[in-house]
Amino acid sequence: MHIAFLGLGGMGQPMALNLLKAGYALTVWNRSPEPAQALAEQGATVAATPADIAPASVLITILADDIATEQVVVGLGALAALPRGAIWINMATVSVAFTEEMEKRAREKGIAYIAAPVLGRVDVAAAGNLNILTAGEATLLDKVQEIFDVLGQKTWRFGERPAQAATVKLAANFMLASAIEAMGEASALVEAYDVAKGDFLGMLTSTLFAAPAYKNYGAMIAEDRYSPAGFTMKLGLKDVRLAQQAAESKNVPMGIAGVLRDNYLDALAHGDEKLDWAALATVSARRSGQS
Amino acid sequence: MHIAFLGLGGMGQPMALNLLKAGYALTVWNRSPEPAQALAEQGATVAATPADIAPASVLITILADDIATEQVVVGLGALAALPRGAIWINMATVSVAFTEEMEKRAREKGIAYIAAPVLGRVDVAAAGNLNILTAGEATLLDKVQEIFDVLGQKTWRFGERPAQAATVKLAANFMLASAIEAMGEASALVEAYDVAKGDFLGMLTSTLFAAPAYKNYGAMIAEDRYSPAGFTMKLGLKDVRLAQQAAESKNVPMGIAGVLRDNYLDALAHGDEKLDWAALATVSARRSGQS
Amino acid sequence: MHIAFLGLGGMGQPMALNLLKAGYALTVWNRSPEPAQALAEQGATVAATPADIAPASVLITILADDIATEQVVVGLGALAALPRGAIWINMATVSVAFTEEMEKRAREKGIAYIAAPVLGRVDVAAAGNLNILTAGEATLLDKVQEIFDVLGQKTWRFGERPAQAATVKLAANFMLASAIEAMGEASALVEAYDVAKGDFLGMLTSTLFAAPAYKNYGAMIAEDRYSPAGFTMKLGLKDVRLAQQAAESKNVPMGIAGVLRDNYLDALAHGDEKLDWAALATVSARRSGQS
Amino acid sequence: MHIAFLGLGGMGQPMALNLLKAGYALTVWNRSPEPAQALAEQGATVAATPADIAPASVLITILADDIATEQVVVGLGALAALPRGAIWINMATVSVAFTEEMEKRAREKGIAYIAAPVLGRVDVAAAGNLNILTAGEATLLDKVQEIFDVLGQKTWRFGERPAQAATVKLAANFMLASAIEAMGEASALVEAYDVAKGDFLGMLTSTLFAAPAYKNYGAMIAEDRYSPAGFTMKLGLKDVRLAQQAAESKNVPMGIAGVLRDNYLDALAHGDEKLDWAALATVSARRSGQS
């Protein structure tokens, strides 16, 4: 199986490297050339453009967003370069509407589309421990399962329509943002009574909320440590907006999503767009006059 | 140390039993007499009224709410029956304002007040594994630590003012309700794309949200299993309201709390007041036309 | 008809004066004595305490809030001083629960209770042009209609239960606060595109929103003129809270009320409690980084 | 001045007719041909396609939305058919981003773009009494003022950038939706206390809220009269979304907008998309169990 891998950012590079190490023939491309060179040293072929990916029959992309994905895959020719019967696996977090549109475009060219966004940050990707959230035809998922086994600790299947995995990923990010916001509001409340938020969050994340998401973001909030950003405020707002769009298409009201949106905007209006998205918690502190 | 224990509900009875087993002299009272009789068989003295608690020098109460606590402790004479220098430990979830008022009343009679609400449901109480959230003067907390060691797996201290522990408890319940609401909204979103909410929640609570709160409530939501109630919708709304009141006293806006309040009211307006408070998730389903 | 009039604040004094001018025998009382003296010069009898109001058979109160009303009418003896068959007209904005409680207390003493809060500020009260929102037994309302005719331009009847008029008044104040908030949000939006909010609000209040409420508050927002306060931020928050309490008793979710509450708290946390409640509009400006 | 007028819907047809009556040479086009024929009988020239509009030097469009406008003006060739130096006046409610894009496209072809959305429904358009909300270069606005004088009772200028008028129009529609929602919530509150919402709204719209917007929508809500729709729920949601998008571009949180969005979605999920957008008030009634 020859794989083309486009998008060698923080997540893509270690994922591609894991595929190389597992013995796959890999053709790689990235907008800025450095990450591709590093992989070339490990045996990858570097494509001059996204169109130069023959003889790959599997295309993996993990690009920044809808627009970047469309530019690279459609605009710069990757999709056109694939043979009929090939499989495109999109592992990025993109909108549900875009997912549906790309699936249609691919199908028109005889190419199957799988949505497979991931949970996990850079270190998890490097360790091959991602959780992979997939949707697509079962026989296709079976065919590429070996790839997911290299990249992740577990592959989850959510249905036959790629939009389903895209939705699950946005719903998961919504859950994370909700957890951050709840910690922010609760922290503002306890701080108003002179309880250190670190004491409060430390207790919670050792008991009822002893989960990775809470421990990770709880510690950042407790220490007011929002940079360097693992995932920026600006991206946090983007994903909330994508969840709202997916919800709007199906007439699903989401009250917390509205709160998240407003508070992300408040933070951006105060110049915090490059902080980690856990800095959402600073909005509750500022609004209550604590900072 | 002779302890008076008032309030033998689902939580109070196993807690009192644990104190008896640990060898404490215990005088107990409950509005309905049966639970007291059961403890009498284990060696407790049953008080005819809350005023008949001499020679106790420590009073533990865990009554339904502010009103019940005031009636029993103030109205029915428990506070007046304590000697100067006694300690009142209130382990119920009550309002911050009531906590401040009771502390003042107790102080006027030369009695120290400790707030020590707990995290954990009935089975946890029975196992002596509660998390105990305390606030009060450090020397007093030291004095009764042996009691907390019997009742809980860990005692957390949040400051010298009882209001601080009362606030932490309300903030923790707010976090739980927020988690339930977020799961409800996200479930409505994924269900709209024909992803079974159980698949979505199962994935989340095995990964990012692998915490007791999420596993417990996530399973209830996945199975639409809201009765028998561990904690009712009506009580859920009450605690959200108490958190809002505590927040309002200190000018802390809490956007999610407003969403929770409205959705609890929606559920109550639809006759669901006796369901478990995880049934908050049904509101998102109903609003989006899924039920 | 001999009338006792308690509460001679900004609204009460001109109202009492209008009654005097209309020929009523009036016994007045106020916590601070100056306003009562001024009325004495116009022929009013000044009561030494709220209990000294005989031979009045009609009691009118317009006191600051629930607590002040209870202290004066119950605590200081006005209610006890009324003869059986007397009528108590409460013209203040108080909570629905308090209204129900006072009606019950009055009934137990053989005294009828009428709720008659008003719309209109000080100048409107002085001109006898208030809108009077009443509820109570129809025969009682008939009996005191002549009084309302002196005080207001129009009397509105909303039912036989005093709680109904109390609710209508809180709902009206909620509508005003909602209008202010909507103007605040819309102003922040247009200002973000460099449209002067005064141009925007000027257009609206000359067209679709050419109503007293919008013209009055729109001009204040356009000019950032929030002091002296006609009605303070603190009172604005109080009335929103009372509307929420009334709604909660009947399971009515009110989404805008939640937004109002949070934004009033934000303003109070920023030291604006003494500004006019139209300063709610400053919160949208601050949150969007415009001030 | 020869005018091309594209879009002869409920608003466009009477507006075009007024221009004809005022003596302008008019070339008209509409997707469905009937409205154009009716105007032809009054002297208008009917264009076979949007590209057949020579010798017009002014193009007026009032089409359904962004997409319809782009299709007709760009896709079907109207813009290309205009001579350099021509003026395009867009009188529809479209998004701010689309306005900015169309202005740029027009400028590239040497054509000036004016945004001039209107306030007023069909009967107001027919009477030539619209309020016209304009933005564009002052000299251009001067040039076409005579046209606005025919169509409206008053022309408002909000700046030199077309996006400014587009924003003002969205902000005005947001204000209307906010007024409807506030009436809906307040009506649910008073109805919960057995006050007829018609009594409540009748009082308000005769006093503080005696404005066209409140009288019109208040009567519809009082009578539960939501069809035929003057402006549908679906369009109401669309305009709220466009206001949110405009706000998001500039980091403006709008709390009420979030409430509106969720309640429109709730209504759509319950099958009410074709009702008048005042039916937003039914959501508060349903949520509180009143319907």
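So that you can tell them apart, the chains are marked A, B, C and D in the order they are listed, and the count of residues begins at 1 in each.
Note that contacts are C-beta pairs under 8 Å (C-beta built on N, C-alpha and C of every residue); 3 or more make two chains touch, one makes a residue touch a chain.
This structure is a prediction, so every number in the text was calculated from the model and none was measured.
J.: Starting from the defined contact criterion, work out which chains touch chain B and chain C both, please.
T.: Shared contacts of chain B and chain C: A, D.
J.: Given the two chain pairs A-C and A-B, which is bridged by the higher number of C-beta pairs in contact?
T.: A-B
J.: What is the distance, in whole Å, between the centres of chain A and chain C, each centre taken as the mean of its C-alpha atoms?
T.: Chain A and chain C have C-alpha centres separated by 53 Å.
J.: With centres defined as the mean C-alpha position, give me the chain A-chain D separation in Å.
T.: Between these chains, centre-to-centre, one finds 38 Å.
J.: Could you tell me the distance, in whole angstrom, between the mean C-alpha positions of chain A and chain B?
T.: 38
J.: Using the touch definition from the top, which residues of chain B touch two or more other chains?
T.: As it turns out, chain B has residues touching two or more other chains at 247, 251-255, 258-259, 262-263, 265-266, 269, 287-289.
J.: Chain A touches which residues of chain B in the complex?
T.: Counting only chain B, the residues touching chain A are 96, 119, 131, 133, 154, 156, 158-159, 161, 163-164, 167-168, 170-172, 174-176, 178-179, 181-183, 185-186, 188-190, 192-195, 199-200, 203-204, 207-214, 243, 246-247, 250-259, 262-263, 284, 287-289.
J.: Which positions of chain D touch chain B when the two form their complex?
T.: Those residues of chain D that touch chain B are 262, 265-266, 269-271, 287-289.
J.: For the complex, give me every residue of chain B touching chain C.
T.: Touch residues, chain B against chain C: 237, 241, 244, 247-248, 251-255, 258-259, 261-263, 265-266, 268-269.
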